[in-house]
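Structures are listed in the sections that come next.
First chain A sits with chain B, and in the next complex the same chain sits with chain C.
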Partner chain A sequence: MAERRVKIESKVGLHARPASLFVKAASAFDGDVHVAKGDAAPVSAKSILGVMSLGAKHGDEIVVTAEGEGAEALLDTLAEIANAD
Partner chain B sequence: MTDPVAPQGPVALSGVGVSTGTGYGPALRLSRAAPIPAEGESHTGDADAETAAARAALEGTAAELTERGERAGREAQEVLEAQALMARDPGLAADVERRIAGGASAARAVHDAFVGYRALLSEAGAFFAARVADLDDVRDRVVATLMGLPVPGVPHSDVPFVLLAHDLAPADTALLDPDLVLAFVTVEGGPTSHTAILARSLGLPAVVACAGSNLIAEHTPVLVDGATGEVAVRPDPQQVERAKARAAVRAEAAARSTGPGRTCDGHPVPLLANIGGPQDLPAALELGAEGVGLYRSEFLFLDRADAPAHDEQVAAYRAVLEAFPGAKVVVRTLDSGADKPLAFLPPRAPEPNPALGERGLRMMRRHPEILRAQLAALADAHRDTEADLHVMAPMVTDVEDAEWFAAEAAAAGLATAGVMVEVPAAALRAARLTDAAAFFSIGTNDLTQYACAADREAGSLSRFQDSWQPGVLELVAMTARAAREAERSCGVCGEAAADPFLACVLVGMGVDSLSMGATALPLVRAALAASSLAQCRAAAEAALAARGAAEAKQAARDALPGVTALGV
Partner chain C sequence: MLSVLSPVTGTAVGLEEVPDPVFAQGMVGPGTAIRPEPGLQTAVSPVDGRVVKLHPHAFVVVGAADGNGNGGKGVLVHLGIDTVRLDGKGFTALVAEGDDVVAGQDLIRWNPTDVLEGGLSPIVPVIALDAVGDVVSRPVTGEVNRGALLFQWA
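For the complex of A and B:
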């Protein structure tokens, strides 16, 4: 299982456009993708409602995990989305 | 009143015309009633069929939202795509299936699953009211589909229609395709309501406070005259022909009008545009705006988690300044309040009446760092451009307010700082404000609401929400006089400037520039060109002498034959 800690640089946090892009990228992946913030239970990165319920803001750290072929490449993409403006 | 639902003969309704023009076509209704399945509603036993129905409704809604997004483009598309993702959310789908397996009907399961997420997201804190509204909208669409009820929101149509509504909120109309709407007719709302402002910005005819319009059956042909407020249900063909002929005369006059604003005897009145951001520039330039009289900078700040960064602000301001080299660009500093909250400021105690609350400059005096950052960005944006930058503060009440703002602007290196006159106390003290204000810009919408003590959105008060009220005109005249005596400029940037008759009256009272939504520019230009300054003055005098708004308007019409001849 691949895991990545990502500090959110996106000004709006994991909301609005970045959240949509994040979920779309995760949904295109065959395996399971999860994202967690702090001690809260991880949510599916394919669920926009789950991702938004994290309330991840600019400067927060999230942990993204993925299982399956191409997991590392997917995590690269997701980290990039969380950091873009 | 005859029952307008009856399928025979024409029926005449009337309301308040707030945006001129004529629209004729089938009526469709915007419904905001959210469908709610009965509490604890259960299915008949076939959980698989119920699950399939729920899935189909979710997917159908997602597909429609995606499709509408593709048609809408730009920001609307982002919102609609996010909504489609909500409808396709795998966590939500699993929750719905679980509830159906537990016996709930598809509609109830969908309803409850959305309500669960709504609570979860509200708790997450960083979830804006706008996104909660988006989520609720998806829920209502899916539930309505499952219950076989009309989907709430803007009606879906492939042919142009007259939009009927109780009233319109900005959110209802964000997704509206202006090419498909012929006119607005609402039961509520006054001349300064959101419906009126939106209609004028889109150049669509609108009648508000139209009693009985809630009884018009959908698909019934309706003729709307946004100048007179007449709404004819099933009009006869001659009536439609006459209305079309009038509209043609008006369109021709608007098309003929070019060049800077001036009366027929050469008195110049710069015609400026009201804009919300760089996206409104093409229309303003195309329709001949001679500058910007009101740049509503708050659109840059609303509905976002953090304040816009310096560079982002500079870019937005510079785009506008660069579009008008050598011309006046008036930027209104951030105008926010309980009705337009900022997500990045700490939540405030709810205000029972936001219009009378801590808004505009009052809020900036509590959070001066936001205003200072904005003024600094404006100063940076102004550097290396040739525009004549003016900044003005909203909701100024007394000289102390004006002095505070002028000092902040001067500290940022901005030379021309003025005030909006929209609080009656400011109009009454205009002569004393001239020392601290480089110019005045009268916001007639709020000035009317405050002077006449009439909430902008309450339909039953439309007689008082009218800038033609002689009391409002008196305040405008007083402000213009004080400005002239102190050699200050005095513009009007409220909706009153967009009314061709009222525009002439304002000029007659000494207002020296008019700013409006760009679509109103050609007709106002034509109205000025059809009147002399003496006629404008006579019209102003006649309006000020009237006993009420309707009489003031009629008196001005009688004094301005050139404008009447334009078919307005």
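For the complex of A and C:
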């Protein structure tokens, strides 16, 4: 399983637009993808409701995990989205 | 079927009118959008449920389970586009995150006229989150009142 700690650089946090792009990228992946913030239980990165409910703000750290072929490449993409404006 | 009510009074125009491709192309989810009437007003909850996310300018209410398979459906209401930039200025929350609310309950006071004068679009997307397939039916178009039926979510 691949894991990545990502600091949110997007000024709006993982809100509507970045959250949608994040979920779209995760949903295109065959395996399981989860995202967690703090001590809360991880949510599926393929759920827009789950990702928006994290409430990840600018400067927060999230932990993204992915299982399956191409997991590292997917995490690169997700980190990029979390850091774009 | 979950009945989703209009959070604001205005004109329902469809998502394609939203000046943000992420909403207009349905990437956030299916639904519709309302051009709100001008002036100070209150946005109401579109469904019975819990406010799982509350931003000054947006909220998500997740429906309570009702025995008809409607539990866990989340509806996003976004008051204007790029209004995150206003940093909460001009928005007053009337409930707290985590509160249980009923459909039609007052949630946020705001003024679309101020949003427009700030150079932003005050259009209000109402989105069925994680809706898969063709499950949003009969969206109302044209004049709609706050608290009136906007669309059905199967």
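Heads up, the rule we're going with is that the second predicted complex is superposed on the first by the 85 of 85 C-alpha atoms of A that agree within 3 Å, B and C clash if a C-alpha of one lies under 4 Å from a C-alpha of the other, contacts with A are read in each partner's own complex, and residues count from 1 in each chain.
Here is the rule we use: a contact is a pair of C-beta atoms (placed from the backbone, for glycine too) under 8 Å apart; a residue touches a chain by one contact, two chains touch by 3 or more.
Because the structure is a prediction, the values reported are computed rather than measured.
Undergrad: Touching A:His15, do we find chain B (first), chain C (second), both, or neither?
TA: Once the two structures are laid over each other on A, A:His15 reaches both partners.
Undergrad: Regarding the shared-chain residue A:Ala25, is it in contact with chain B (first), chain C (second), both, or neither?
TA: It touches nothing on chain B or chain C.
Undergrad: Counting only touches as set out at the top, which of chain B and chain C does A:Val63 meet: first, second, both, neither?
TA: Neither chain B nor chain C is touched by A:Val63.
Undergrad: Which partner does A:Ala2 contact after superposing on A: first (chain B), second (chain C), both, neither?
TA: Neither: A:Ala2 stays clear of chain B and chain C.
Undergrad: With both complexes overlaid on chain A, does A:Gly55 touch chain B (first), chain C (second), both or neither?
TA: both
Undergrad: When the two structures are overlaid on chain A, which partner does A:Ser47 contact: first (chain B), second (chain C), both, or neither?
TA: After superposing on A, A:Ser47 lies in contact with both chain B and chain C.
Undergrad: Should A:Ala36 be classified as contacting the first partner (chain B), the second (chain C), both, or neither?
TA: neither
Undergrad: Going by the touch definition up top, name the partner, chain B or chain C, that contacts more of chain A.
TA: It is B that touches the greater number of chain A residues.
Undergrad: For chain A, which residues belong to both interfaces, chain B and chain C?
TA: Shared contact residues on chain A (touching chain B in one complex, chain C in the other): 12, 15-17, 19-20, 24, 47-49, 52-53, 55.
Undergrad: Could you list, by residue number, the parts of chain B that touch chain A in their complex?
TA: Residues of chain B touching chain A: 78, 81-82, 85-86, 89-92, 117, 120-121, 123-128, 131, 135, 304-306, 309.
Undergrad: Considering the complex alone, what residue numbers of chain C touch chain A?
TA: 20, 22-23, 27-29, 52-53, 55, 58, 60, 62, 74, 76, 78, 84, 129-130
Undergrad: Would you tell me which residues of chain A are touching chain C in their complex?
TA: These residues of chain A touch chain C: 12, 15-17, 19-21, 24, 47-49, 52-53, 55.
Undergrad: Would you tell me which residues of chain A are touching chain B in their complex?
TA: For chain A paired with chain B, touching residues are 11-13, 15-17, 19-20, 23-24, 43-44, 46-50, 52-58.
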